[in-house]
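First chain written, first letter: the chains are A, B, C and D, and each begins at residue 1.
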């Protein structure tokens, strides 16, 4: 589990990708959300397409809404999802 | 009952005057609310004092908020009261 | 639109009234509700609500009709209690249902703001030391009502 | 102030929740409430509410705390349902108690406006003809949330 992050997908993204979580290895020094995105897109064309289909993609790091410049370090939980539509 | 109007008092006015209604004779052609007020004040100093103690006296004619210029004709119901404090 | 208006001594049941508004139409997406209750403090024990029978009901119905004309409602409700009410007791319930939340919540504010100074109710407060005081209309309440009357499009 | 937050599949009871807010403090003079429900029409049969367990609860608690910081509340409640909900079913309940009606009603609007686009829920619609559609965030909802965020003093 060392040097790994959990990546989650919700709603239309989860449905289109066909899975709700991934475990991804990253450098111990961490990467930005943007770099993590590029990494998982490169490894899986379905994920690349699903993320590209979301013009307003949102991201949360450790259950807090974040930017794509946010640093992700091993042990973090990163979630990608479309704009929220509660209420 | 011909040529009479019913006059009602509510809340602090009713309490101060010690009665909740009067029957007052007016001309068949009617009078303004202001004239009716002067008439009942002249007939009863307690009423005069109670109305004078209400700087924001309100009036309703036939259960609709009215002005003191409104014409009152026999058979009408005229109510005097302080500003309303519902809710 | 369905209007429900009542002036009563008995308590109202917020759950029943909310369900009435929710169930009025399958096109209702939001229901706004407000409950006014006797606020304690400074030795207040109870309030007695006096009203002008006949005029009260007519005024509340007219207010509900005005809410319908201003907002796109599926229904609205105004219930006001009269008589002696102790601290914590409900005094007034207003509610409005609409397709969208904005209309429901704005109509709810409209109903309670206008009712406060525009319907013939009067409150007499009763304190622990035996004093009784007729409540004065608050200037802020009169301003809130005037703001609605001066802005017929909101 | 007492905050009550829940994310649940079960229906909420508006009467119970209203009473909880009314009873929190003898200094409560007004309670504002809002119920959002599944709006029918155009062949809609039901909605399924998906959420992000853990983040949802934290977000709703933070929202309730923010309401407390902005408004002078005696308490507030946010309950959101998840799972499949048919037309007419309650989705969300928010409520706020305060000494005066203005704070209670404004806090109620704040809670529902911010929750709509700021808490991790997603709606999938299900139509009579079998289509399922993920609901897009409405631009007006995002504007309403931004208006609160750009105006920290209201």
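The criterion applied here is as follows: contacts are C-beta pairs under 8 Å (C-beta built on N, C-alpha and C of every residue); 3 or more make two chains touch, one makes a residue touch a chain.
Source: prediction; values computed, not measured.
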### Task
Could you work out which chain's C-alpha centre is the most distant one from the centre of chain D?
B
### Message
Based only on mean CA positions, could you tell me how far chain B sits from chain D in angstrom?
### Response
49
### Length of the line joining the C-alpha centres of chain B and chain C, rounded to whole Å
27
### Task
Take the average of all CA coordinates in chain A, do the same for chain B, and state the distance between these two points in whole angstrom.
74
### Task
Give the residues of chain D that touch two or more other chains, as numbers and ranges in rising order.
36, 101, 112
### Summary
Flagged in chain A as touching 2+ other chains are 87
### Query
Think of each chain as a node with edges to the chains it touches; is that a line, ring, star, complete or other?
line
#### Entry: Complete list of chain pairs which touch one another
A-D, B-C, C-D
#### Entry: Sites on chain C touched by chain D in the complex
13-16, 18-19, 22-23, 26-41, 87-88, 90, 99, 101-102, 104-105, 108-109, 112, 144
### Task
Using the touch definition up top, name the residues of chain C that touch chain B in the complex.
36, 49-52, 54-55, 58, 80, 91-92, 112, 115-124, 134-137, 141-142
## Note on the structure
Residue set of chain A touching chain D in the complex reads 8, 10-12, 14-15, 56, 60, 63-64, 79, 81-87
